[in-house]
Amino acid sequence: MKKKFFHNEERTFFFTDHAVPILFLIIVAAGIPLSGYSASYLIQEMLLRLSRDSFLVLSLLVPIMAGMGLNFGIVLGSMAGQIGLIFITDWGIAGIPGLFIAAVLGTPVAVLLGYLCGKVLNKARGKEMVSSYILGFFINGLYQFVGLYMMGKIIPIIKPEILISRGYGIRNAVSLVGIRGALDKFLDLKIMGVAIPVTTYLVIVLFCIFIVWIKNTKLGQDMRAVGQNISVAELSGINVNRTRTISIIISTVLASYGQIIFLQNLGTMNTYTSHEMAGVFSIAALLVGGATVAKASLVNVFLGVALFHMLFIISPMAGKRLIGSAQLGEYFRVFVSYGVISMALVLHAVKARAQNARQRIQMRTEINAEVGEAE
Amino acid sequence: MEKMRRILLKFIDEAGWPRIIIGFFLFSLFAIAPFVGVRIDTSLKDVFVRVGMNGVMVLAMVPMIRSGCGLNFGLPVGVIAGLLGALICLQFEIVGMTGLFTAMIISIPFSVIFGYFYASIINRVKGAEMMIATYIGFSVVALMCIGWMLLPFTNPIMVWGFSGEGLRTTISVQGYYQDVLSDILSFRIGEHFYFPTGMFLFLGVCCVGIQLFFKSRTGLAMTAVGKNPDFARASTVNVDRMRTHSVILSTALGAIGIIMYQQSFGFIQLYMGPFYMAFPAVAAILLGGASLKNATITHVLVGTFLFQGIVTMAPSVINSMMESDMSEIIRIVVSNGMILYALTRKELYRR
Amino acid sequence: MSLKKRIFIRIVSISLLLLFCVFLAYIGKQHSLLFDNRNKMINGSKYEARYLYNVSVSGSDPELVEIGDVIRFDVVGPKHLVHVQILDEYENVLREISKPINLFFENFHTLYLPLLAEGVD
Amino acid sequence: MENTVPLLCFENIEKEFFGNKVLNNVSFSVNAGEIVGLVGENGAGKSTLMNILFSNSVIGSTGGYKGRVLLNGTEVSFESPVEALDAGIGMVHQEFSLIPGFSATENIVLNRETLKYNFMVELFGDRMNKLDKSDMRKRALSAINKLGVGISPETPVSEMSVGQKQFTEIAREIENSETKLLILDEPTAVLTESEAETLINSLRNLAFHGVGIIFISHRLREVVELCDRIIVLRDGNVIRDIPSKTTNVQQIAEWMVGRQIEGMAALSDLKENRQVSLSIKNLWVDMPGEILKGLSIDVNEGEILGVGGLAGQGKLAISNGIMGIFSAEGDVKFEGKPFRLNDTKYAMEQGFAFVSEDRRGLGLLLEERVHLNIVFAALQSKGWFLKHYLGGAISQLDEDKALACAKEYIDLLNIRCTGPKQKLIELSGGNQQKVCLAKAFTCKPKVLFVSEPTRGIDIGAKRMVLDALKDYNKYNNTTIVMISSELEELRSICDRIAIVNEGKVAGILSPYAEAKEFGLLMS
């Protein structure tokens, strides 16, 4: 009788669900011919960047699983990785052994920072993203203090090449010549002139297996439970705060490895800026791949890195051809990275509200059915 | 004795540890300064000038916090509006006091338009405002980088000399409106001390204006929306509209704030200049004792003074003590530490 | 019991990891090999730099060391084979010497070519 | 029966919230294999009792409780709800505590998953164990079968019907072999008749296997049908503790609501033959938990209309719907003219005012001062208490007028505060409620809606509030619609009392009607 009151709003959410990757596909598709790069060049660049950036982006997955949103705190991990790299550079350990030792050195630092981050985020429930973001800045201040004032004074540094001329403090740019490409060039494969860094990909595959594996452990199950509904998880006796802290620690540690892989590819480290970019670019890439604040998969990671970095490659050239200024393309790219994060965050927030509404509608229809039954 | 203790505890509770620590730190910096060869009068001058410069931008936090939109990390939106006003004023070569106020007046319609769009996003994302505001700020700054390169400004002091197009990264306002406000009724004591009276008068007018606004019907409604949107709604207040008003007001204050800043600083900073503008302002108001939900004019004034005091005094004192420049690090640690403290503090009021 | 076992396993694995790291550091350590072709006094006897040398380390491109020169090779790892050609002033090969060297954790290792030519070192 | 120790025993439980006694000397016990029905009106103390059992943080933070809780004869006092679960007490909540993205299996064995060892455990701890999915499924299936419902273990909760969710939750409790005592809070409220039937059967089956059950419900018929024993709570007292065979639904309803009427002021002038002021036809309101499904009622001018009924039946939605707080639809006429719904501003302009049941939410700005709270609604909706400058271009709050108005109501309603400038959060609940009333009175309403005006306040304040309403009605001829769960209260001041049941008016009675009649309408 009173059918129209409980409107049954049925909408397809396909476009809003996939708006970001679709939009990017369009931009990239339009940009490729404009840039005028050859296919083989693009493929080479793409493979390179996939191997370089994927690991960092993958490190974002675990906290998303635990419902803590995008972990802007991976910059903490990046800093830890860089500390490892500073030491192996100083001690002069090269190649894959150097990378491994850098990772082992970075791990305790990352665990410590991750623990701290977890503690802070537990205190700031519901405001995790903005808190981890600010925490990144805060720890960056401390990192600069350690790097500029303690290294070479309190923490012994042997090699004068990496110190500022005044005798203490790490230089702005540190050459990582000893480990440059160590992982990429170990067992690399050339197919039709395109070099494939096989080992790096192997590490990434291992990581993916790790993600799948951890999902099937008790810890993974707890994380998913906490991620979906904190209060229910708490009621069932799961130690929520600890689970959340662990997820952040895992993410931070992995990010430190990711940063090491990233920098071995670049071969130089900007001591005080390399890590800052890690957070923003990884998150933007993940979101471009169609992930949301609450849901992200391996597909999102790789699709995202591919699309986002394709834009990186083509935008300066496309800008130059289009308006005659490479700088303009560069600004466009910066705008797109920030724009895409804002857009994804907005879409997620809007969708979360729409979903609440959808649930309400579902509840109403069920009640309607009940009423109908009764009458 | 017991009473003293209770008063002390109450004071600590109300002021909060960070504010007390920073206050003591600042005080001790002033105390040490003469012994390490830093002139107190010069330092005080610097602090006052900086308080005047930044005051209005810190004030721009108040409306949004009050209406429950959280900390205004999207301050760059207002800054961009202010920049547009300033640039247009320079383009038409309007100088002096007229120029300053023309710039402000021109910037207001821009801030209303920008603020409206900013608000329409903020209203859709209730509960996640701060992160999104940050990124809206960043996006707008990045977008305007393209704008600065393409907009048809022609005044030779603004555009790159060699190509004749695209705006410079920094543009001097000397000969336009540099210090026109600061110098009103300003006075000097001795060789080093200078007090920018005009700037403080203007800041005072803004503060009183905002204070009065929050006693008006709209202002009261705004506060109610921030404290309890359901209550406001039940009292016939249109919640979304109040939030929109507050965002527009914040944006306009941001625009006026940046023009004040340029007036004293002497330069217009374009491109990535406004990128991190929000953070010192946010930190300052939190240092003043504001929380994510409540902010008053007192918080603005106290906070700006403490924050600017620290960032001026700490480097000069520490530099002369240790001969190294730690100003940047201190600024980063203090401002972000303060924001973190506010984010992790338990909200006293529960709904 | 099981907790003790677990602690034991953890301590062992951390130790193993650290040992492995030391091993890796040993393999991956960078060294600067210095080839010194200057006069050298050892135990009161003087060895004069008289020849030119072509030096290569572990199959690298040979490099010429003139009299009074010191050149540097950056190498990674502990074991290397140094191959030295002794030349006269017209760069005719007089003799060839191969010498294996073992390095540990030192940053620098200097080979005195005059000593090498005399077969002392 | 031999002399066994009861499974659970409450002994002389007493609990106060801010000086307001909510439980008074409550004692009863539950035996293994017994199903005990716990019934009572909202606010009778059922949830407080359960909170005590589960040591929710509410209890501790409000000063603990008196008396003892015995489990198997030993006194227990849990540190947290989780400990209670560990001790074998299972609770099925009114709101679902299920993880929406998880399947039925994952929810049923939540945090009790079957684990498979692997070496990583030694390095990183127990949580590195892998899940044994097939065994988890087996366990879930057997629990579902025990209940006798058809839920596939793979169904994600988000795709289940409300009934299935309820069963999943019960399955989770019974899957735990440790569970000796199961508490169900309104389990059938969301079930269809046949589902409820299934549930009741499976509960009997559980009890047969020795599990003690406490069944909390408003559906009295089911309580009588299912339970061995029924305990009726009212105002924090155990009114009856009797075997269900010896009683019936009407009796229970009467016990639940019926206090003896003592010293009730006789209504001197019966307000009859009055004009209809507000005519409501077929009103639907979408208020969560209180849905109205086509209610019709006429409110006469100048009367006090009481609206009663059990919780969740929709009585609260009347005021919220008319005032535009929740979306509403229907045919409403005020003074003969059509009345626009879903528009709070319009309603206030028409001379309506509202005292919300959600005092701390909708009702007040707790961290603001008393006088601001009192004048706020009038200021916003009517533009009163403003001073105008520059020909009306600038307006400011008229502090003096506001203070004067607040003082007037502080005296009139005897609000205990240090003055109109005190912050509201420092006032007691009763005085906060008086501020709410003052806020509504300040709007000078023609029609005043008052929802649950005495909830959570002490006896003295209750009397004050009711008297104030009555006086206000008498001197200003304001039409008042008073919605309350406390029947006694309604009977003491109302001219007519409507009982709302299942979203509709079940009947309208005179305040002199017998408690039994009210009870009948409610069930």
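Every chain is named by a letter (A, B, C and D) in the order it is written, and numbering of its residues begins at 1.
What we mean here is this: a residue touches a chain if its C-beta (ideal position, glycine included) is under 8 Å from a C-beta of that chain, and two chains touch if they have at least 3 such contacts.
Please read all numbers here as calculations on a predicted model, not as lab measurements.
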Chain centroid nearest the full-protein CA centroid: A
Chain-chain pair with the highest tally of contacting C-beta pairs: A-B
Rounded Å distance between subunit B and subunit C, as computed from the means of their C-alpha atoms: 61
Subunit A and subunit D, separation of their C-alpha mean positions in angstrom: 45
Subunit B-subunit D separation of Cα centroids, rounded to whole Å: 46
Between subunit B and subunit A, distance of the C-alpha-averaged centres to the nearest whole Å: 31
Chain-to-chain touches, reported pairwise for every pair that qualifies: A-B, A-C, A-D, B-D, C-D
Residues on subunit A engaged by subunit B in the complex (per definition of touch): 120, 123-124, 126-127, 129-131, 133-135, 137-138, 140-142, 144-145, 148-149, 323, 325, 327-328, 331-332, 334-335, 337-339, 341-342, 345-346, 348-350, 353
Contact footprint of subunit C on subunit D as seen in their complex: 122-123
Touch list for subunit A against partner subunit C, complex: 91-98, 100-101, 104, 158, 178
Sites on subunit B touched by subunit D in the complex: 212, 215-217, 220-221, 223-224, 227-228, 230-237, 349, 351
Complex contacts: residues of subunit C adjacent to subunit D: 5-6, 9-10, 13
